[in-house]
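Some structures to go through are shown next.
Two complexes, one shared chain (chain A), two partners (chain B, chain C).
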Partner chain A sequence: MYSAPESMSLDMPTFHAEISLPYTLTPGGAAGTFLAEMKNRRIVGSRFANGEVVAPAQDFSASDGEPMASFVEVPQTGEITAFTRVDGTIIAFIKLDGCANEFPHRVLGDLDAVRIGQRVKAEWDDGVENSILAIKGFVIAEDAAVGTVSDLSEPEEAIGSLDYALALPYEHAYGPYYGRMFDEIKGFGRVMGVRTADGDDALLPPREIDDISHTPTGTWKTCADTGTIRGCSIINMEFIGQTKKPPYVYAEIVLDGASTRLIHLIEIDDVEFAKKNIGPGTRVRAIWTDGERKGSMADIERFEVIEE
Partner chain B sequence: MALGKVAVVATAQTELRPLWGEAQHIDLISAVVTSVFKGSGFSIDDVDFVIDSGSDVLDGRSISNCGFLGALGAHRKEEARVEADGIWALQYGVNKIRSGASSVGLIVAYSKPSESLVENYWASQVEPFYQRPVGFSQRAAAGIQAQRYLADRGCSERDLAELAARRWADAKAHASVQIGDVPDAEAILASSESALPLTELMMARPVDGAVAMLIVDEPSARRAGNNPVFITGMGSGTDCHAYADRDPLKLASLEGAAAMAARAAGWSAKEADVVELSAHSVVGEMLAMDVLGLDEGKAAINRSGGALPADPIMATGLCRAAEAVRQLREPQLYGGGAPSRAVVHGAQGVGMQNNCVMTLEV
Partner chain C sequence: MGHHVAIVGVGQTHHARRRTDVSQAGLVREAVDRALADANLEMGDIDTVVVASGPVLFGAVNHPELWVANAIGAKGKPIFRVTSGGGAGFAGALAGYYQVAGGYAGRTLVVAYDKLSEGPLQYSISTLYDPFWGREFAVGIMGFSAAYWRARMDALGHTEEAAAMVSVKNRRNAIANPYAHMKKEVTVDDVLNSKPLCWPIKLLDVPPISDGAAAIVLSNEKLAAKSTQKPAFINGIAYCCEADNAAERSLMLSEPLALAAKKVYRAAGITNPRRQFDVVEVQEPYSCFELNYYESLGLCPPGEAAQLVAAGATDLDGDIPVNPSGGCMGANPIGAVGVVRLIEGATQVMGRNESNQIKNARLALVQSGGGWANLRGCAVLSA
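So, the complex of A and B:
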């Protein structure tokens, strides 16, 4: 039990994983127009019914939720209202001339020159489009004249969608139970689970507490690498996250000696053959990979149907 | 008909460590879920529902609670996930019991930020067109908050460091937090810059851990194995998503949440004996103390150290509640006295956008 541990942290190997997902972001009317106008080096703001101007443009007022009335072009000059520095980059709140709000952006230059109320102007980055980073940042402009807000003439059509990607890397801890299970797979090519308090069949993956009775589990047990399919689906379509090109069978297999289902794949050549011959009750055997085992479920390359 | 009363009858928590390298989520969760019943007078069979808090982004899997149900003790029970700090899971659970729908609830919150890049987690919370590209995120918000706070209140970085040092020392003395050498004010000032003017040790330190809490209705509380602690007030609030649009020198949503809790309890945070606050930085904590009108001389504030030395993101607020429960039930561990009222606080979102306050009484 970990609630009152005696041990110090151990430096254990981790399981590396990454979730990397593509997105299509929809900026909407205001942000879409703002981003589209970046290539024209115009900063688009929103004017609201009460006369307030907000930049960058917003479809709805952040303070009262009112919809915007019209687009405006706001000045490229303003002042710093707050600042910090993160990883060497100065990030400040900028209040553009004629605007009611502040927004975060970078300040280029020396921290010593940055103070509250400091006049700044936008510096553009050639070659960047459809991003707020077309404004590379704001530079100190002591004597910059105070600009005025004007109507936005002939605005670009709003960008409908933007491709985006987010990659999140992980180093997962195995823990004592999964850790031993993968060690056994790596070292000895065997799949081990733990018995429950009331039976001989093993839980796979092994765990400290039995899910159903919420009591501590018992001793370790080696399961066979043969088993029975208890649920399956013939996959004939490509989608994100697949480890194998279709067609194949996704199968939930109860190994002989285990009580829980293990998820794995069965290779097939022919979908029609699979439809007739693979289903709940079908007996299967693990096919281990050739060469050195890595201590992962992928050390079992696939399962194949046992001809009995 | 008046709503029913709800009591905390047991809590359990793992040690909070920067890295629980030898345990995965389910190991930490099953540890606290098993422990929380010991001596409580209740068993898993008594539990009507389980509510858990965690983050799919931090966990690295979607709907991660589905994989943790067994460890949570939720097999064939009503289970719900709150993708928010654990104090909101507690709020949900209390309301379920007050409504009369259930009698016994198990609240669990857990966190393993060591498994992912916390910066990514924070970045995922900000708006992707205007804020994320320029690098505005949690740390920048805390830095800007601090810069404005120092300018307005006329205090110095040293004041920040001294408060942070006290919190680290308190965590070492009173809480189950893994700490090597306790940093003094000098060390805090000398630690690397995180978000000017804040140094790394002025920010909340992400840690791994899990916490569980058993809550019951009033009739059930009579058979508890230990003094029940009643939850007598709750309030929560949300501020603008854009940090730049908020009032920089107060936490408006905390103000609202505290007022809501005080109305229900009949007393305000100023009158508390024990206070446990969550904050993302030392300045966030100072702002929270200001908003609640707290005086360090009167109440025992963050005797557990609070979130600065140990921030199990998504479990922090529930840890605060567990710490306050312990201080109310076992004052002898903290030098005696007879504390009867506690205020606990949870916060989440960039720049502490959302706040939740509860009042506890024995």
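So, the complex of A and C:
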């Protein structure tokens, strides 16, 4: 069950989707201070009650959970405790002098010169502030003297928040049921579902097993372009990731010939008009795109209210 | 059933629209410190830890439990993360409950949080929609929730006025809640005249967006005595789901909540919820949900929720007070809310609620949920 027929190729076209989100991240007191001090070209660590020094600074001790006691400035020299190479960049764990922990960063140099225990020192990037990448990387420093940790009485005020962004591309596999449905949408401009074993109404989206009876579904069926609104709301706010400018109607529609809903939208000019005239039971029709159909629900551009 | 399980210590942060002084892990630490102090325990007394939070996309940190474990001194302990959208905290508590009830842990710390100021909320929530089927038209769960509220207006009489009364009641109750950050009294007219966001949902039907964390210590009966003379026992707890795209899904009553309630009421010996419960805490991401829960939890028959709130029955001095803490209207750190509601219910039966203690409260009902409407649960607490 839930598998493609054996005759089906394993290598099928995928559905491309992207999730891209902006963030304002909060580093907290210790990491925020570490980042703020980057512009002063100082590496800030935390000293804990048990005497341990950790850099970059951390609010709480990973070894016993105690809150940090004071900020310190740690040396810019240390040694490599592990390393690898990724896409031509050497990434190493660096243990700075006087610190109990190690942290990952770049090594600027030749892989042949890198070994465990190798002495290194920080090299700064003049163009960068408020980021651990203000340290461009660590360079081999064979004879660098072992530095000592010093007190830091008046550190910069911690950075409260930092802009960040994620952009995550996906290639979703359709599977045989979604694959057929979107092939039909793309090729013929029709929405097809599958019948349940004991009825004529189609399940949308089509699926191999009926959710209610847990029995295999039956034959394919073309649903009408017309349907009835089951539930709808009037979208009157803007938000990140929105595909249409408000106002418009978010609608869950049961197409004629189907038993389950599909989610789409209805264009409106006026919120007050929509409140009065669009609701559960309102009849609607799919308006297909004039352009080339791509094989997605967006090939239906919108639904519109019909008089019957 | 195995061991009796009790909540023996509670702690929550002072929730805020935006906390830039602490990281996600620092926020969690505050709640954990308070819960451990409240339970008269140290981290060393805790056998296992459950971390609960909303979608990873809220905060852009994958596996946040690793970060949290370091910040709360949980090194070396069994720990895992539970996530279930808005029901994350409740699902986390259920996971902790199973561990203690099953005898696998004597004491389990459950900590739940979300730091919603960091990422785009509606967009993150919209990713719970099928990428093939509906996501491009999704409006978080707000568009969906408003759509079925609109349908319930016709079928069950859940009017805009009735939902506005819920918002008015909860916002008024939140004023006394020391952990809430939205403390402003509003009128029914204020709610009705506030800006439509996803009509019928309007601005004042919607809770604030919050940064916050909440923690509880769950303990077996034997170990509970070290923490408190009056623990809050969990007499029943369940969290159920329904099929999302199934043909029979009506969305009028919350079917998974009704299923959970049936199971929990049987375990706790509840036959007349309205009469037996002294206090109720529900998670209302929008005011209209509370009306839906009155009916799904059996506090009134279907179609009578509007009447219940209009009659004042769910007010502080009503016969079945709902959300004396102010519910989500006072603060809404989504992933933490399930635990916040458990804390508010537990402290009511322990007789030490900090918002609005209901006199002689002995039996509390707590509701929480996640997904858009298809994951719902409830618990019964008694001292």
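Quick note on the criterion: the second predicted complex is superposed on the first by the 297 of 308 C-alpha atoms of A that agree within 3 Å, B and C clash if a C-alpha of one lies under 4 Å from a C-alpha of the other, contacts with A are read in each partner's own complex, and residues count from 1 in each chain.
We take it that contacts are C-beta pairs under 8 Å (C-beta built on N, C-alpha and C of every residue); 3 or more make two chains touch, one makes a residue touch a chain.
Treat the numbers as computed from the prediction; the structure is a model and nothing was measured.
Within the superposed three-chain model, A:Glu52 lies out of touch with both chain B and chain C [touch as defined at top]. In the overlay built on the shared chain, the residue A:Asp97 is in contact with neither chain B nor chain C. Of the two partner chains, neither chain B nor chain C is touched by A:Glu37.
In the superposition on chain A, A:Thr196 makes contact with chain C only, while chain B stays out of contact range.
By the document's definition of touching, neither partner reaches A:Glu184: not chain B, not chain C.
With both structures placed on the common chain, the touch criterion links A:Ala82 to chain B but leaves chain C unconnected.
By the touch criterion defined above, A:Lys275 reaches chain C but does not reach chain B. Of the two partner chains, neither chain B nor chain C is touched by A:Asp299.
In the superposed model, A:Tyr174 lies in contact with both chain B and chain C.
Once the two complexes are overlaid on chain A, the chain A residues touched by chain B in the first and by chain C in the second are 17, 19, 25, 27, 31, 62-63, 164, 166, 170, 172, 174, 178, 207, 211-212.
Residues 12-15, 17-24, 26-28, 30-35, 44, 57, 60, 69-71, 73, 75, 112, 114-117, 120, 124, 128-131, 133-137, 139-140, 142-144, 146-148, 151, 178, 193-198, 240-245, 248 of chain B are the ones that touch chain A when the two sit in their complex.
On chain A, the positions that touch chain C within their shared complex are 15, 17, 19, 21-29, 31, 58-66, 158, 160-161, 164, 166, 170, 172, 174, 178, 182, 196, 201, 203-205, 207, 211-212, 230-237, 239-243, 250-252, 259-265, 271, 274-275, 279-280, 296-298. In the complex of the two chains, the chain C residues touching chain A come out as 19-26, 29, 43, 57, 59-60, 70-75, 115, 117-124, 126-127, 129-140, 142-151, 154, 195-201, 243, 245-249, 251. Those residues of chain A that touch chain B in the shared complex are 1-5, 7, 9-12, 14, 17, 19, 25, 27, 31, 34-35, 56, 62-63, 82-87, 89, 91, 93, 101-106, 111, 116, 131-133, 162, 164, 166, 168-179, 207-212, 214, 216.
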